[in-house]
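Take a look at the structures listed below.
Both of the next two complexes hold chain A, though its partner changes from chain B to chain C.
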Partner chain A sequence: MPSETSTREQAVTMLDIQDLSVVIHRPGRQVAALSNVSFSVAPGEVVGLVGESGGGKSMVARAIVGMLPSGSHATGRVGFDGADVLRMDAADLAAHRGRGAAICFQNPRGALSPTRTVGRQLIDRLVTHQEMTGERARETAKELFESVGIRNPARRLEAYPHELSGGMAQRVMISLATGCAPGLLIADEPTTGLDVTLTREILRQFRHAADTDGRGVLLISHDLASIAEVCDRVVVLYAGTVVETGPAAKVLREPAHPYTRALLRSVPDVGGGRVVATAGGMPLMTAAPHDCPFAPRCAHAGDDCRSTRPETTALEPGWSLACFHPQQAPLAEATSGEPTKADTRIGDVVLKIEDAHVVYRSRFGSGGHHALRGVSLELKTGETLGVVGESGCGKSTLAKLIMGLVEPSEGSVEVAGKSVKKQSRAERTRAQMVFQDPIGSLSPRRTVGDSIAEPLRAAKVSTAERAKKTEAALARMELDGSILTRLPHELSGGQAQRIGIARALVGQPDLIVFDEPTSALDVTVQAQILDVIADVAADAGHGSVFISHDLATVRGFADRVVVLYLGRVVEEGPVDEVFDRPKHPYTRALLGSAPRLGETRTAAVQLVKDLDEADAATGCALAARCPFVTDTCRSQEQTLQSYGESRAACWRVPELPALIEKS
Partner chain B sequence: MAAIEMTPVVSVNRDGRFAKALIYIGGGILVVAALAALLAPLLTKWGPTEIDPSGTLAAPGGEHLLGTDGNGMDVWSRVLHAARLDLGIAVLAVALAVVVGTILGLLAGYLGGWVDDVLMRIVDIFQAFPTFILALAVSALLGGGFVNLVITIAAVNAPAYARLVRAEVRTLREMQYIDAAKTSGASTIGIMWRHLLPNSLTPVRVIAPLNCGWAMLTLAGLSFLGLGVTVPTAEWGSMISLGTSDVVAGRWWTSVPPGLALLVCVLGFSLLGEGLQERADARRR
Partner chain C sequence: MRILRFVGRRLLQLIPVLLGVVVLTFLLVRVLPGDPIRSILGPNATEADAEAARVRFGLDQPIWKQFLDYLGGLVTGDFGTSIQSGASVTGEMALRLGPTLELVVIAVTIAVLLAIWLGIWSARRADRFGDHSVRIFALFGNSIPEFWLGLVLILVGYAALGWFPAPSGRVDPDTDLTPLTGADLIDALLTGNGPAIGSAAAHLVLPVLTLVIGVLAPLLRSVRASALEVLRSEAYAAAAAHGLPERTLLRGYLRRATLVRLPSLAALVFGTALGSTVLVEYVFSWQGFGQWALRGLLYRDYPVVQASVLIIAFAYVLVFLIADVVHAWLDPRVKI
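Coming up: the complex of A and B.
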């Protein structure tokens, strides 16, 4: 297999994977997890490995540390500093892992031992692998914590994993991985499940490791847009094959492979670009492909794509792809342009929340968690309200409050003119919800048909009528009737979420709440579901609430946006106003952290701490994290005030542009 | 290019063949035992309580396949007929325990609050005693007889099911599909019956067969001590009890055959339960 790396690069290459194929044999089936994968990582370089789940990303990571699953059959070469990982014996592998290549796992809390302090875990590792004495290891551990941005490292060393937030745990994980001074740092989906503000911060840590210590970094992610900023080069995987490799800037702005283009177009953009969905899903390979695996989903596929597998050819030095029909037009054009929002008739008020507070009481002792602190909202039919904020800001509580799953400790919630507390069973179905976990929101032992018809059952609809309405909802989701008898575990994530939407639609409700409906889905599937939701939300018959931590998806089809922070509304207004002319520092920070394809960021507000470190006692909720905080902010509770078309809870809004300019 | 193989390190159990073998062997034993119990009148010449006037304590062979006991009753016939009682009581008692326990567990787990507190304290009381001692006390209270024995054995087993199902329900009720059912307007009973019940029964399915074997031993134990079934009704425990004195005299046939029958049936239930457990584990992986 010819290598596209030049001789100059070869000399400094640390990781050099050549023609790696992995086939996993299991009783009754076999999976070609990787087919002829070749790429390299040099010291000081950050390489992004992207693609959807099932593409083989994690298998590459496992091959690099010699941890392939049982029953795998690997061919090719995983070169690391001149040695081949696939041929190492147990002793060499032990030395290679940790010191040669170290992994940061996707779920940092799961990868940390729960009964030992994180400091202990880090120090033990330093003592064993670096042969340090206890005292020195402790000092080094503190330095490592500091270097990944953990404030007050001495105290954090004594923390147990459950005491850390997701972002903090991921930082600990990075310090564990860098602790043994590895040549190569592998991060497997390091930011999945983290907020935009944290994602940016964590990714910066990896860039830092490459720049200051000269480590090679392999960043594995399904989200090309968010990691692109810190990567030098990206490798795009599809169905176990490398489809495109090239400099990050080029691949992002003018990707040549149709799959890379599909991947990028599937990602909603905060700028308001429209998502272009690509139909279908990734095939599961049983053997190395003999055609282009993307051909069935590709708009440019010809007969050649279906009969022969395209060779990897260089487009430019350092930029190569496996495609017979490389595309050239810059991607930006295809995604720009204002989204066309259908002019819907705005009707009656369907949702009215007045000064709602929700307190989760702790079961033992006093106190509790004040999840919502005085939220007021109003929504009319035909309208779509977007709700954004970091995790822990009360988004999900708001959804539960609207659905009557939690009761307000103060204030009131009315759906379709009736207080949620006093609803009958049939009235309860007037508001429907689409859940975050598509498969988990379907009863595992109930058929799909049963699940969809559940709201109708409560509304006492006859069996014949139920079947008819279920069919209609299914047809709207472009699903076949044969799916009705299946059980949830037989569905793909995309199918399951369509079923979830069908269930929400079937009773023609007045209000639909979408609670992070696409965050558990793969990128191209996410685009398909967003298309469906945009269509559903545009209906004039009901109002929609769309909750997401992903600002870009909200911009796609919300009319108005509410920004939540620690249970309070900090900004509210028409979607374009809030996104293009944000008022509140928090909104500015959120928008500044959201990834934008191929754009350099404008001066944004940088929050000074993570959410979990900021506890609001009195005054403005953001005071602890706001870079523009004054004594007035700390002492005075901020309420929503009108600034132009939107409202924000910050008294310094008029001064902010000047303040940002200065910083 | 040389190929590198990662050989499986775990045993062959993973693919479920082992589980299948256990289920077939255990199930097979139980099917044979059940058939023997049902067809007992056809397989024997003598009735279970019929006394052969020509001889007591006759050695196996000839007129009596397994000989006769001290009362002159045919041991082979008694062993087969006893299977009806032993298997019947064990299975019915466990079935009753599962039904009662599951209902209590569902109520306690889903409703929580004072319902949970009250039900679980009652369960605590039952579980505070060693089970066999509890069985002795209940059966002393209720007396012998088929129905009373079923109730006795069910009563000592139900609390365990209540606990099992309650624990399961407490995790299930936090699932999104329960929220989904609530927002779809499902009633509390509907949620329990349509969503929680089918999803919480997996561990019960595994434990119940194992429990049947244990129930048989309890029954035999009670009868052995004279609290369960009384002579002349054919029951393995009481047969063993009667035959113990004969063993000393070298007449093994009055107590060994019912003992073996008991052993084989309990083994059947154990293998079946193990197999189901193994299969559930294999699925979880």
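Coming up: the complex of A and C.
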């Protein structure tokens, strides 16, 4: 746990940003990326920089290492150990980068040079910043790899970036940044795209860097709830301005600024709290704002908010915010309204999967990747099935299987009583899918109206009828008719995803598959879309499958949930039963890793390895990672057995509570 | 080991490709209008003379018989007999191939090295004076017809400055060079003939320069474009943001990543250069392969045309194989 840090105010600050404003001039337009930003980071302190995309988080990171984009004009001061980064000359900057402040980049795969082994890349940093040579650098590199949790470091040193999994690449990226021995470690969205089990582990690495090496850490993220645990303080950015700064625990539990509250309420909670959506999106600033930039979206805004910009005032020592109407009620109360799950009528079976196996064959005959190994599911109209698991567990393959995009090598898939294999083109439109990438899943050369009517055209619906139905679907998504003639690149992510849902809905299908529909969206937009999906999923006319790696979003509106692991169902049951009383060790580990608002979480079960290191041999698939493994687990294949209301594929379920107690 | 297996597999694929080339050229040269016998005998020959000549070259046989004979010869390394000269095509070709390969290999190697160096240099100064002048120079070289460029170089280098020998051959005959491979510089080096080395090298300068200027532009553009892409990539920015020194950045993070896409283009340029040396050879009286093939084609000398097409096809396939291996070696993501 982070130590109480209000006393640290007097300590020496390493990074001290004062009144930093960045304006980017581009031909024809001008963007005020940052406006009067001030905050500081001390050695040994972890500071979270939170906000949605477009808030200016990355710009802060770039300003700290002196790599602002061309055409930008910065005023103010980025103090670093007494010097001002904005006024450094080339030689000082070269010394400052890496040794002073080192960034862990978002998307580590892209940020690692593809044609150099990761070991060489790390040694380059050691040679440059720690004056090491030859054998000594190699030894240190090995130790660094080991310290970030890379097993078999000697072998990994020789690996090229494309041979690493996402989690492994992120660990390498952290080791590269720490290899520079920086005073300040900056992590730009270090956990985006990682599984929950990995997210915790990666965040712990940063806390570790602050605690043991005394580095300052600036953790940039859009997800306040998940990083708050390791942070001492958080800084919340909105439209390039700092709206709230304070101790992490305080800001997380009793946020005072309406935007911070909106941000926190937009994140679904694994405990079952329902999201509260805030309408609108972040404005794009062309000049430093003269009013409160959040005012148009704020429920508490008065005339003062719309005419003058609130000064940053201290609420308590170490806790300040820029708002005329600070809120005091604890956040939990506002979200305590129990989700009222509409009692939907459960009807006919729309999806039936029996013992389906999917094998992706490798190019030359032998071998292949076994993506699904005997999955059986049943779904009725009006029902919503949540599918969760880490990446690589077969979630997306399941979606493709249901849509008929891959064929099962064994077993059968029936949608609306008909085998997917034998469906005609029109019958295929009975199952619809909502994709992860909202803009990428719309044809770039088709207008929105065309895209929405697509399934209708496939089902040979007449033109007049098409227009009517498109209009109705659009109205349901609360979108204006004028959007019909636009092209995908003119849409925001939230609008595009509404279009995607409208397209899925328009033909009144029997089944809708949502494949991670919100993971590419900003937090407050995500809440709006989740609202829409909850509404759509509650329809009695169709069944829904909701696939997500984010457990909390599933809990919001699924009736039943299945947990996938390496192509097998390891647990299934009613959503509350599975989430509140998980049976399988894997489910317990997943749930234990998920962030919970305002609670300190303690994972009862810690998996012992990363997914990519666990090889599926005979016996239980989890055997290699399970802390409670016995020889029986290693030799016997586990099948689903009933435990109370849910079923789990583990023979030790009755003993688990006692085992967890002991550990 | 994997590379060896890959090379072996590709060499096996060579067989059907070459077989296809053999069949196609064999048929196509016979479809072309014109008669090789008439063109060598001249207008005064009688019908009987022509018939006798046809029998002598086996052209009176049915096509399939001719083809089988030709194929049988190929297997034993016999490309047939030239209709024009009556000499063995294999022997003539061996004499001609060396000089042209020497010219093209040296020119393309220089062009590739120059393109790498200039391209990266230029990309690092993108949109500045140096960058613009390099690009304009390359474009200029690309737009000048090679024969004209060759003539200008002769005028300047030989006639005006007198730095280089007259464009009258590949080596000074007074040096008494013993021909081994046909490539004079290599022969001179092999026999340790000092004066011949100097003479052959001096004769090479102008034709090589002509070819280099001609093929540099596409290579340079490609290197510059991919270097710019690497410079703007996240990976390079990350390395720069970690404060690595310029030298490490250039050597470890820019160069290899830039070169990844070059091999296949270089192979293409090599193939084009091999085919387009005809004019350069003509201007510099370089008794090479291109000239020989051209004359064969003009006289409808079937065996010569077939042999030269086959050799060019073989060179293409071989060079692309080398390019693929180099590509796989440069780019760890490529699986072979």
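Keep in mind that, in the parts below, the second predicted complex is superposed on the first by the 649 of 663 C-alpha atoms of A that agree within 3 Å, B and C clash if a C-alpha of one lies under 4 Å from a C-alpha of the other, contacts with A are read in each partner's own complex, and residues count from 1 in each chain.
The rule is short, and it goes like this: a residue touches a chain if its C-beta (ideal position, glycine included) is under 8 Å from a C-beta of that chain, and two chains touch if they have at least 3 such contacts.
Please read all numbers here as calculations on a predicted model, not as lab measurements.
The superposed arrangement places chain B and chain C next to each other on chain A without a clash.
In the superposition on chain A, A:R125 contacts chain C only, with no contact to chain B.
Of the two partner chains placed by the overlay, neither chain B nor chain C lies in contact with A:S593. When the shared chain is aligned, chain B comes close enough to touch A:A458, but chain C does not. Once the two complexes are laid over each other on the shared chain, residue contacts for A:T518 go to neither chain B nor chain C.
Applying the stated contact rule after C-alpha superposition, one finds that A:G98 touches chain C and leaves chain B untouched.
Here chain B and chain C are compared by how many residues of chain A each touches, and B touches more. Shared-chain residue A:S548: touches no atom of chain B or chain C. With chain A as vertex, the superposed Cα centres of chain B and chain C define an angle of 30 degrees, given in steps of 10. Once both complexes are placed on a shared chain A, the shortest Cα to Cα gap between chain B and chain C comes to 5 Å. Considering their complex, residues 19, 27, 68-77, 86-87, 400, 403-405, 425-429, 431-433, 435-437, 440-446, 451, 454-455, 457-459, 500, 503 of chain A touch chain B.
Taken together, the chain A residues at the contact with chain C in this complex read 65, 67, 94-99, 102-103, 105, 107, 110-116, 120-121, 124-125, 127-129, 160, 162, 176-177, 180.
Chain B meets chain A in the complex at residues 1-10, 15, 175-177, 179-187, 190, 194-195, 198-199.
Here chain C touches chain A in the complex through residues 233-245, 248, 252-253, 256-257, 260, 330-333, going by the rule given at the top.
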